[in-house]
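My structure is below; once you've seen it, I'll send some questions.
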Amino acid sequence: MIVFGYRLPGMSSLLVWGLLWEIVGRMGVTFFIPPLSDVLKTLFEILGTPAFQKALGETAYAFAAGVTAAITIGIPVGILMGKSRLLDELLLPWVNVFLSAPLTALVPVLMVLFGFGMKSIIITTTLFAIWIIILNSRAGVRQINRSLVEMARSFGASPLDAFFKIYFWAALPEILGGVRIGIIRAVKGVIIGQLLISIVGFGALFELYSANFLMSHFWAVLIVLFALAFSISEFLAYLERRVAYYAAKR
Amino acid sequence: MQNRPLFLKLLSAVIIFGAWEIAGRVPVSYAFPTFLESMSALLRMTLDGSIFVAYVETLKPLIVGVSISAVFGITIGLWVGLSARFDWLFSPIFIVMQAAPLAALIPLLVMAYGIGLTSKVFVVGIMAMPVIVLNTSTAVRNTPASMKEMARSFLGSDMDVILKIIIPAASPVIFAGLRLGISAGFIGAILSELKITPTGVGDIITYSRSIADYPSMYAAIFSIILLAVLFLNLLEKLENFLFKGNDLGYVSD
Amino acid sequence: MSQTKEAFEQSEPAAENAVVAHGISKNYGDVQALQNLSLEFPRGQLTSLLGPSGCGKTTLLKIIAGLLEPTSGEVEVNGHAITGPGPDRAFVFQDFALLPWANVLRNVSFGLELRGVAKSERESIAEKYIHDVGLTGFEHSYPHELSGGMRQRVGLARALSVDAQVLLMDEPFSAVDEQTRRKFQEDLLSLVQHENKTFIFVTHSIEEAVYVSDQIAILLPRPSRVSEIIRPTNFRAKGAENIRRDSEYLDIVDEIWASLRTYVE
């Protein structure tokens, strides 16, 4: 959008919304929406508190563990599926099933099998993220240009060399795309896990604040969570752009 | 062997269900029934109709929520796609909503709207809306310029261009957005049943768990996943059929 | 205005030139696509705009069509300045611009549909032109079922069906294969003879321009200007099959190439 001849940056309308939030809050329209300034003040207050740090730690731990598992299992499985037709035909229907299934429905099963603790939350997170990572890694491998493969063989590359010097980079843009979407799903997974399984981490804070009607606190934690989710997503988008220069021309 | 893909699909199903059966017999855990036990529980619930009653309850907020999201979502999406000002103002909101774990808002919605149908409809709604709006607006904005130009060259009015070019051209992606919205709405519906108040299928799950009737619990979960997958696959087939030959296909997540 | 003068003006013979461009300039920010370009397009004839990439020929064509506005200058069609697209001009697009979700019949009648012509009437008009371009039997086929050449014929039928006096063609044959292209060029010659319309044709192929045109305007880039106007005369009457070996044809092609080759990047 162009105002007075200057192009406004992409997300700048969020400032307008922030202003609206402030005004609505001050007018006292509803108890549930305190002024943005109050929320921000509370945010800075609680950032340093041990309760918040603990919650952040618990959530971050579950998230990191879940994502690591999803990546370390998902990418190789996806690559193998891309390379082996037999494996692909056996596994692909299941990957598609779990990709479109409402994974939330599986959480009770996890609770029953793995208990009410951190383990279940981590597994939930992994499950939310892994399917799209598998699918995208597979797609990345499948679209590798035949000519690149033939080139590698004609120059006598060893399988290890071929993988790390050619195939990995050729498939990287898709893999990164899958990881980015997977991470966004993982954030949703870790929160859903915390809401349903056991009340730890940020889930605990949400329950605590809503039960005690501490609205500013509630929104403050929500903003932190949304901001974290968004920053991670943007960081991965940045990485994707770094390899985008060759993505279109492979 | 032409039937190889089908054969392998069946084979993999047999393998997985077989593994389930074995794991149940081992037993992996006291809470892990065998495949056959779960299937017979499912059969029982189907025959006595209890599962259908449950689904009517569960599908209520899903259908209402998705319909509302579809109507509002497509309208907002069209507006955002057509107007640069609206795009600047509203896109960031939906982009943030798309990336954010909206499930965190459930306690808030419960506070504001109680534990009835309203808050469940809201949950389904906020989970389905962002992807519908974003798909619609992207599709509208990416309408091929030469087609719009063509319509103008043949003296089409602005309304002609919107109704005869932009909307038909955007339909495949809008439909895909609806499909993803329904998928997200499913998650919302189940989440609200497990978290807010148990009704419908969520009730079967929580109740069975509480009385340790694990076959029923697994049966209910199996049925949800089966239903969701079948329905979404059906939608995808419908999408491919309706929009055959429209090579404007791309889907955002 | 007095009645006599009005009557006199209306009974004047139609102007020699169907389209006249006066001093057209077009800027995109700092980039000057066209600079003070003037050109006349005689009625009932085919004029080509020929030149290397970046010389502004498509920009000029779209300005004449009314799809782009010039930064300065004006275009007159039949003596009246234009303000946008009009019923007197029809456009044929390089990438066909067909509606992928509509069949051939609807695509060809689309121009008439936008003008509010009733369905039965526009379909019978469309059927005539579908027959004229040789696509009888394909009325209910969809674009994705047709070859590139057939799709362009749909685009051509659509442009013909609105019965505009000026037909604007933007590299219409560049997206089809060589053999189809040759056939199209031959068909275009007979089309120009039989239809009483003015054609303005953009191309970057020298042979194509010399083959089909009554007048060739050569445009050069940076800044975009008309460098010369060539009117091939003698070989037009010899018949479509004999043109490509005619010595005047070959001479003109060589001449044009000699002057254009320095502009190839």
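Letters A, B and C mark the chains as written, and numbering starts fresh at 1 in each.
Assume a residue touches a chain if its C-beta (ideal position, glycine included) is under 8 Å from a C-beta of that chain, and two chains touch if they have at least 3 such contacts.
What you see is a predicted model; the values in this text were computed from it and never measured.
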Review point. Which chain's centre, taken as the mean of its Cα atoms, is farthest from the centre of subunit A?
Key: C
Review point. Nearest chain to the global Cα centroid?
Key: B
**Study point:** For subunit B paired with subunit C, centre-to-centre distance based on mean C-alpha positions, whole Å
**Key:** 49
Review point. Taking each chain's centre as its mean C-alpha position, how far apart are subunit A and subunit B in Å?
Key: 19
Check your understanding: Any idea how many Å lie between the Cα centroids of subunit A and subunit C?
Key -> 53
Check your understanding: Considering the complex alone, what residue numbers of subunit B touch subunit A?
Key -> 4-5, 8-9, 11-13, 15-16, 28-29, 31-32, 84-85, 87-93, 95-96, 98-108, 110-112, 183, 186-187, 189-191, 194-195, 205-206, 209, 214, 217-218, 221, 224-225, 228-229, 232-233, 253
Practice item. Provide the residue numbers of subunit B that touch subunit C in the complex, in ascending order. Key: 144, 146-147, 149-156, 160, 164-165, 168-169, 171, 243-248
**Study point:** subunit B-facing residues of subunit A, complex
**Key:** 1, 8, 10-14, 16-17, 32, 86, 89-91, 93-94, 96-97, 100-109, 111-113, 132, 181, 184, 187-188, 190-192, 195-196, 202-203, 206-207, 210, 213, 218, 222, 225-226, 229-230, 233
**Study point:** subunit C residues touching subunit B - in the complex, by the definition given at the top
**Key:** 65-67, 85-87, 89-91, 93, 95, 97, 99-101, 110-111, 113-115, 142-145, 158, 162
